[in-house]
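Next come two complexes built around subunit A: one with subunit B, the other with subunit C.
And then the complex of A and B:
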């Protein structure tokens, strides 16, 4: 799937999933609190619990397609496995579990290096599941409204909304250009592929500036005075659900302290 | 490659957040001041943000076989200055974390520091020095962008080295991380510098007026007169 198709798929899911009408405050609160707990721990049980919870919520409660959800994990997991193997083999100190005599030095694999790589792996997967829960259930427009509510500077919110709009537009244009170049043998060598990429980005930049001017004219024509005002369709959160999330977080923290001494390796 | 969600262990991601926040706040203050003075600049800045996102989604052909993406912030710093670039890069990094799973919310602080603050600031400084010395602007663009890219990765290696200490010291683990990065990143930095020169030349050839209007450093006031240009390269 090309980039823009993946984004479109994510965007569609954010608007059409079963939790779409749920208050964005609830969803963001859940995702961020779980994310912060998950990123702060170095044990194995808590991230696994968070991963399972988020996966169940996304698949059964929000009814997002499983292939979309798991597809999102593929690329980060691939990078993560590489980094974790690297961490396990070269990092750590203290007790060694294996020592390999090489002609020029002794290569030792440490116990805490291995446990560090396993906890890192689980932590990243847990944190990613929180992030994907948020992305797949909450639309960016809702998030922008939420940002405005928590008094993020107006300029930043407006720019986020506009950037989000134009990402899709420019991705489409750049994919069209890229296809056109591919048909004209742009990849015939390293030098020519760099040159075609430069042409692509250069014309994209010119398009960008041109579009900026046209957008400004259009906005002026509609009485733009330096501020975008939109009607907010904002669902307020249910107190019971918020309480449930707080309870879940407290349980996670209790679980964290209970499992603090369980070693990894 | 940004540091991915949850990769940094506990004290470090909070520390990088705390370090980055004031600098980003300054950038936002600059943007707010600028847009208050010239509301017409807002669409242009937003479009530049989208532009940085899109070019970071493009694959950069690399000689080592692995493909990476241009960071784009070095070039943006040359055009718009480092403070504005850092404010825009925050939004871009959030969208990259949400849509691409590049980077993350907890590691946002660390990524802002390497990609949005250190890289652009150093790139801009180099560009400024080269501009004063009046050598061929292509050389300036090349060195500024390549060094900005490289500095981004040196900072990332430093952040990872601090977070994952090895047997000897922080320095040895920094050296290990940078050693790994250097294999892939030095060719990529050179390729990105080269790419930036080509883009720069392309722009000065076809839209020199815009570079002049930007002063290549000064922000343009987007005027409303339409310039009819041929639609290129589609």
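And then the complex of A and C:
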């Protein structure tokens, strides 16, 4: 999948998944509470439980395609693995588990360094699964309405709504422009491809200014006065589900304390 | 008299005179079409009626009062005169269909309940209820156009102005939009003004036709009388509807007994052909 296809797929999933009609409050509450628990303490069992729960929710309850869901993990995991190798090799103190004799010094790998590396890996993957759950099941519109309800500044919500709308419009325009360049035999050399890209970016920039102007005129024609009002209309959460999430969080915290002393290595 | 224009002129900042002393009157409930080539001044004219452009000279009266351009009067005008833009991508800016349609009514300061009702009604009228929660980039061109119309309908205007309502639409979407407009005009008594260069669409829609050329009104009347002046139509680089052209050729080249007011639509053509058949039958009987 190309990048733009992945974005479009994520967007499509947010509107068409089986949990799309579920209240955004419920989904955000679940994802954020699990995220906070996952990220706050360094143990190994709780992040694994959270990862498994989110994966089950995304795949079997929201019925998102497995390949889309796991694809999202690929890039962050690259970065994460690199950082974790770094953590394991160069951090920590105290008990060592391995000592490598090099000609000029002794390289020690410490027990708590390795443990930190593994817990960090699990915590990040667990936290990512919470975020991806939210991203794949909740539409931007719902999130914006929610942000407005919790009194995030108006201007930020307005900007996010419009940026979201125009990302897709300009993505389409830039793809058309790029295709038009290719069809007119854009040369494939490095220098000329940079030149074509510069042309594309330049004309896209002019397009955005032009589009902004025309959209403003159209908004004025419907009585725009400098403030975009959002229709605060969404499904209110089911109390039983909210209670279930609270129970789940309490269980996680109990599990957290029970497993606090389980070492990694 | 809902709108009255007196010697309206508009000169753009680059010096082009887009409108040259246009004087017009519209009555409530009319369906009016403005026909002209690209650059004939249609869009400029329509942009004046909703306060988007200010006249360089001349005046516009809405219900006998001259247009005022302060924020409050403009809001009041725009509540009553809706404008549907040619490119729906200019108009749809919100992240979902429902939010976009709600934009106008929310600007008018209605209660949440009332706005929801207006949004539902507007989406039902244009047949887009099932797309209420979808983002605009999920929709086809025809669907976007209908949502753009719903965004204006939700403000319950008395006049709807549409710039090229059928451009870049496929035949089915074109006919859907036309039927929708006719229904809104008939059921809600909304005055419709539209700019177009689709000559075949005009007789199906309009009961009054203005032809513009180089910023001037060159013809005013019903589509039937306007299109019968074939010399003028050619002079301003337009053409007659295909059906009218066929009858014109039949009259000129084959000498068939057709009056100067050529039929413009299929139903009119059918009547005319049946009449011609009767005439020929009688001639055969006589001989």
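Here is the rule we go by: the second predicted complex is superposed on the first by the 229 of 265 C-alpha atoms of A that agree within 3 Å, B and C clash if a C-alpha of one lies under 4 Å from a C-alpha of the other, contacts with A are read in each partner's own complex, and residues count from 1 in each chain.
Please note the rule applied: a contact is a pair of C-beta atoms (placed from the backbone, for glycine too) under 8 Å apart; a residue touches a chain by one contact, two chains touch by 3 or more.
Source: prediction; values computed, not measured.
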item	value
First, second, both or neither for A:197, with subunit B first and subunit C second	first
Partner touching more residues of subunit A, whether subunit B or subunit C	B
Touched partner set for A:139, first subunit B, second subunit C, both or neither	second
First, second, both or neither for A:212, with subunit B first and subunit C second	first
Partner chain in contact with A:230 - subunit B first, subunit C second, else both or neither	second
Touched partner set for A:248, first subunit B, second subunit C, both or neither	neither
Partner chain in contact with A:15 - subunit B first, subunit C second, else both or neither	second
Which superposed partner A:41 touches (first subunit B, second subunit C, both, neither)	first
Contacts on subunit A seen with subunit B and repeated with subunit C across the two complexes	140, 162, 164-166, 169, 211, 215, 217, 219-220, 224-225
Interfacial residue positions of subunit C with respect to subunit A in the complex	50, 52, 71, 74-75, 78-79, 82-83, 85, 87, 89-96, 98-99, 102-104, 106-108, 112, 115-116, 119, 133-138, 151-152, 155
Residues on subunit A engaged by subunit C in the complex (per definition of touch)	11-12, 15, 20, 139-141, 144, 161-162, 164-166, 168-169, 172, 211, 214-215, 217-225, 228-233
Contact footprint of subunit B on subunit A as seen in their complex	3, 6-7, 10, 32, 35-36, 38-42, 72, 75-76, 79-80, 83, 86-87, 90-93, 110, 116, 120, 123-128, 131-132, 134-135, 140, 153-156, 158-160, 162-167, 169-171, 173-174, 176-178, 180, 187, 190, 193-195, 197-206, 208-213, 215-217, 219-220, 224-226
List of subunit B residues in touch with subunit A within their complex	1, 4-10, 13, 28, 31-32, 35-36, 39-40, 42-51, 53-55, 57-58, 60-61, 63, 87-88, 90-92, 94-95, 97-101, 104-106, 164-167, 173, 176, 180, 191, 194-195, 198-199, 202-203, 206-207, 210, 222-224, 226, 229, 232-234
